[in-house]
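Labels for the chains are A, B, C and D, by order of writing; each one numbers its residues from 1.
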Amino acid sequence: MKVHEYQAKELLAAYGAPVPKHVVCKTADEVGAAFDQLSNGGGAVVKAQVHAGGRGAGQLMGYADKLGGVKFVPTKEKAKTVAEAMLKHSLKTKQTGPEGQKISTLIVQADAEPAKEFYVGMVLDRSVGLPMVMASAEGGMDIEEVAAKHPEKILKVHVAPETGLLPFQAQKLAFDLGFSNEQIGSVVKILMALSKVYFEKDASIVEVNPLAVTKKGDVVVLDAKIDFDDNATFRHKDVQALRDMGEENPTEIRAAKASLNYIQLDGNIGCLVNGAGLAMATMDIVNHHGGSPANFLDVGGGVTAENAVEAFRIILSDDKVKAIFVNVFGGIASCARIAEALVKAGREVGFKIPVVVRLEGNEVEKAREILNSVKDELPAIRVAKGLTEAAKLVVELAK
Amino acid sequence: MSILVDKNTRVITQGITGSEGSKHTNLSLEYGSNFVGGVTPKKGGMMWKATSGKELPVFNTVAEAVAKTGADASMLFVPPGLAADAIMEAADAGIKLIVAITEGIPVLDMAKAKRFLQTKPDCRLIGPNCPGIITPGQCKIGIMPGYIHKPTEPGKTGIGIISRSGTLTYEAVFQLSSMGYSQSTCVGIGGDPIIGTNQIDLLKMFEEDPGTEAILMIGEIGGDAEERAAAYVAQHVKKPVAAFIAGKTAPPGRRMGHAGAIASTSAGTAKEKVAALEKAGIAVAATPADLGDAVQRAIAAKKK
Amino acid sequence: MKVHEYQAKELLAAYGAPVPKHVVCKTADEVGAAFDQLSNGGGAVVKAQVHAGGRGAGQLMGYADKLGGVKFVPTKEKAKTVAEAMLKHSLKTKQTGPEGQKISTLIVQADAEPAKEFYVGMVLDRSVGLPMVMASAEGGMDIEEVAAKHPEKILKVHVAPETGLLPFQAQKLAFDLGFSNEQIGSVVKILMALSKVYFEKDASIVEVNPLAVTKKGDVVVLDAKIDFDDNATFRHKDVQALRDMGEENPTEIRAAKASLNYIQLDGNIGCLVNGAGLAMATMDIVNHHGGSPANFLDVGGGVTAENAVEAFRIILSDDKVKAIFVNVFGGIASCARIAEALVKAGREVGFKIPVVVRLEGNEVEKAREILNSVKDELPAIRVAKGLTEAAKLVVELAK
Amino acid sequence: MSILVDKNTRVITQGITGSEGSKHTNLSLEYGSNFVGGVTPKKGGMMWKATSGKELPVFNTVAEAVAKTGADASMLFVPPGLAADAIMEAADAGIKLIVAITEGIPVLDMAKAKRFLQTKPDCRLIGPNCPGIITPGQCKIGIMPGYIHKPTEPGKTGIGIISRSGTLTYEAVFQLSSMGYSQSTCVGIGGDPIIGTNQIDLLKMFEEDPGTEAILMIGEIGGDAEERAAAYVAQHVKKPVAAFIAGKTAPPGRRMGHAGAIASTSAGTAKEKVAALEKAGIAVAATPADLGDAVQRAIAAKKK
């Protein structure tokens, strides 16, 4: 689960990290008032709150001037103009996808122009099953790029999950990053806050990027990102409250309600599969034979007929979809049950586009009989025998 | 021969009175596994009745179950919020093999449980978020469909399978059995970021198991376990190895069903993994329809 | 640092343990009002709040009837009578010493007559450096007695300090103690609360004794004791606030203010020593030669002249003291400095009883010269050469 | 010969710029110990000046100090609230012997630090709340007065001392030196409930050290370390052992100065300890004036 920059910074501040003052705004007028409150004669920064990264380098879609999601404003008037533009135009960044992201929340932040930018973050190191802090004096840029090109510029420290980051580890990192004696205290505070948020709130990523040294020499969290472990939000009511449904794909939310694991893509072949691995592999085989999947959809092992029908509705709600690929390996679950659900779906939803079905495993013969019996009633259903045959067929039909 | 489990393995089910625990204890019993009891706190003292009519004693704690039944393995169906604690309980009670089926365990719970397990060197965890482990014809601990598997006859060899995915494993087993290949042992290692037993642990065991002829490794995007496994194969594995990676078309930054199946723009991608596997001389399947053929190619290549 | 029963129970309750309702009272009238509030037609229990254990079996000093520090009262009148008696008479128990302990606080507790009593406690197992939970179905009595006579009746579980008691450990203990399925939940709550208080508040002992099963079958904390690690109270303002100076020896409080480690005993030979081990050994050698130490007093390695003078004042404030034994091994600290302090003390405080001095170590010759030079001015000071000689002399002089 | 430290030991002081750290670095340098640097966070880069004029580099972290000076031992004078963290830092940085002088460290901090140290098997902690360790004539790391010690001449043997108390150890050393007994190594193990190195660890080392003729163990009330040490002596130690227990007259339930010196009515009493020691054939000193004589008696008894 993702949260906004301002939520991440407020959480870090609650754990003791120094964060520049900000005011959360929903309208241009609020932005103007916040400017008066925070500018202190020297201007302020207006920042669009969307879940996607790369806001600074992004561009408001359909806006005449060059303007992304982060802008220094010297005057109240400019603050309001910028805010109006941001609230009106969607923001496109390298992470939003081509359709961009609507902006409904802004923050006005006290100006804290960085003299130097660092990166600190905490993630899981899957290779050893331990969280680790990563830190680099090359901040303000994409840390994955730094990791790929200059791995030696990234310091890594593993952290025991029972203790969290130990004070000496934080202090050593701060010294090793080259901070001055006066700055060590603030850096340690930020690192300890990072670790506390990570462990106490079950985060999966906590990043401060940049951790900035301002021109005055102060050390602050200038931008922050926190993702939470979806499996653990059940025990954090406060984290649940940070969720902004407006940032999420409405179809994916709808699918989740039916216990379906659905991710929208931009192809034209809808996929309905049981099992996450097979669902990915189904997308891959479609792609392998020249097709383009419209979605990832894992209906899971224990899918009910009702949810399977909802799955078809969801796939069909995407206008781009020209054909559907049902790929099910009946393990414990019976193929016959899937076939029945398919018939139910066809009757309730109606199939106006071809549905290629590949079933294998438990009770596959009975399933084929069921589908054969409705051949005339639901002619859109095409039963394929092998996986390759099915993939080729659905690619062909979607053309 | 086989690895980790065979007909002598004595299994209990943690969460035996729950619907999934009960269902799969039944199915595993029907397959012929040697289940000797179950654990459900506050249900201790009752008898769990299999659909076959067989009865198993239910205990309040794993320690009691071990003491009274001599169990050495556990199939774990405990809800996600309590599962890590149940894993530690099993390890503390002396269980040697814990097979954790549960999906959705918080990552930090598993990080702590993994640290706890490091203090119990005799205990091995499979999973969590996995279909389980099966030595065909001998012992099934998990939710995989038993009937698709082909037992390896005494004195013969079969294919060992290591997989991060459930249905994709069934697909592979089905293809292999259809082609006449039996399996030695199939291990679902789980789709989570933190798992108890990884590819390298199992590659080592299969390499040493005289009952295993070749190894099929099914991976997916996220992490770098396949890359590390590939490096291990290049150095230490003499047996034929085939592999498949799911998620070539997965968009970066998205969690593809499994909590561990997430690639960034630059790390954990299928492309990198396939390149590493191929570099190690592993036969990589092009599509999920090619799994059995890839194993055949791997075996053929070694025979040259 | 010790706290009262009611404070311990309130802390455990804050961490989720089921505790019977109580009201803290300072007067008999308050006790009467609390009785009305809590008795619910069935009486209540009045309990004296003193830091010493063994209250139930104790006796109010100078009170005609048999009455200890814990009493069931069936009526409001009886409650007030009992309260008046407790607030007027000191309570003597096997832990208070012969002088007893004045009672200034009472609680009235809702009646929760136990059908069965258990013991659960958490302490450090020094042999492995790990905290452990001890639990026994033989509760309500002195656990040390149980441990000595029936060690097999005590369950022990070590607890990792990084994680605290794990839920499965608590649950296993609860089952192993023989609780019923309905009671397991409450017992686990108590055990987890025990562990949380221990770790989060730096306790050195947390005991629930008895953990009672009431006649209704409820599981409750009927009595509790918590000691805190004196070295860690600096980081727990809330724990500091629980300190009741009225329960502590005023002389010991005074000594602590002068950085002196002083414990009052009931002999007649005052001891002034540097180092805790040597201070204990000095008491022992006094005892070995037939004397009786009036106190333990470690002035520490870096004692100032001022604090040394205060040490003499404190020793002399005890009327029982008939002679003083100064035993100092000058290690890094100079014996001469001790001698100077001794002279200063003699001049400022005045020695009306003999002061036997044994100095050894760093600059001992200079020290002897200093003491020799004031022989006539401070004739009470007697310099002894060996440790044995000094001990024998001070015992002789105290007779 | 000696145990743990000798003239080759390279020592740093953690907290070198503090008043106690500075004072005792000076005194230890004067004794001849090989101090090579110090650590005080935020004071890195400065030079610490000894009263002798000698200068030592100060570092921000132990890791840097180890890298730049090759230190293998640390004398720790960090305030109690930060000391456990500093112990872990030293262990993490590769220090092999940490001598923690600091008194007043919270027990739970030490419990955690001790667990951390268990992951660093090459690292040994002495203390905390101890006077330190000295191999007379070679290396003093701590606050004991150097001048009372008598070095053991090359090829000769001396007395090894293990003690929970500071001044009582000086008393013992003074008596032994006066009687002509040199010391091999004297170790103050500390007066806290949780310490890094216990009596048994050192009994083992002294037993194996050819430079140690006999062992004097000074204990006090609280815990059962002396009882366990006595059992160890009976089974494993062939050299003469003498002992003393302080606190025969200490009232139960009171903390006698040292955080670890607390006996209950039934456990950790001097009486129990003396009984255990005597049962193990150890010569127990009757009073603190009898320490040297007890050693003499122990040696004489073994010669019979």
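In this text, a contact is a pair of C-beta atoms (placed from the backbone, for glycine too) under 8 Å apart; a residue touches a chain by one contact, two chains touch by 3 or more.
The structure presented is a predicted model; accordingly, all values stated were derived computationally and were not measured.
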Chain pair, C-D or A-D, that carries the greater number of C-beta contacts: C-D
Separation of subunit C from subunit D, taking each centre as the mean of its C-alpha atoms, in whole Å: 29
Distance between the centres, which are taken as Cα means, of subunit D and subunit B, whole angstrom: 51
Gap in Å, rounded to a whole number, between the CA centres of subunit C and subunit B: 56
Shared-contact residues (touching 2 or more other chains) in subunit B: 112
In subunit A, residues with contacts to at least two other chains: 160, 162-163
Chain-level touch network, classified as line, ring, star, complete or other: other
Interchain contacts, given as pairs of chains that touch: A-B, A-C, A-D, B-C, C-D
Residues of subunit B defined as touching subunit C within the complex: 41-44, 60-61, 63-64, 82, 85-86, 88-89, 92, 112, 116
Subunit A residues touching subunit C - in the complex, by the definition given at the top: 160, 162-163
Touching residues on subunit C, where the partner in the complex is subunit B: 163, 166-169, 171-172, 175-176, 181, 184
Touch list for subunit A against partner subunit B, complex: 95, 124, 126-127, 129-131, 144-145, 147-148, 160-162, 199, 202, 204, 229-232, 234-235, 261, 263, 265, 273-288, 293, 296, 298, 301, 329-332, 360-362, 386-388, 391
Touch list for subunit D against partner subunit C, complex: 24, 27, 80-81, 104-112, 114-115, 143-145, 147-148, 163-171, 174, 191, 193-194, 218, 220-225, 228, 244, 246-251, 253-261, 264-267, 270, 286-289
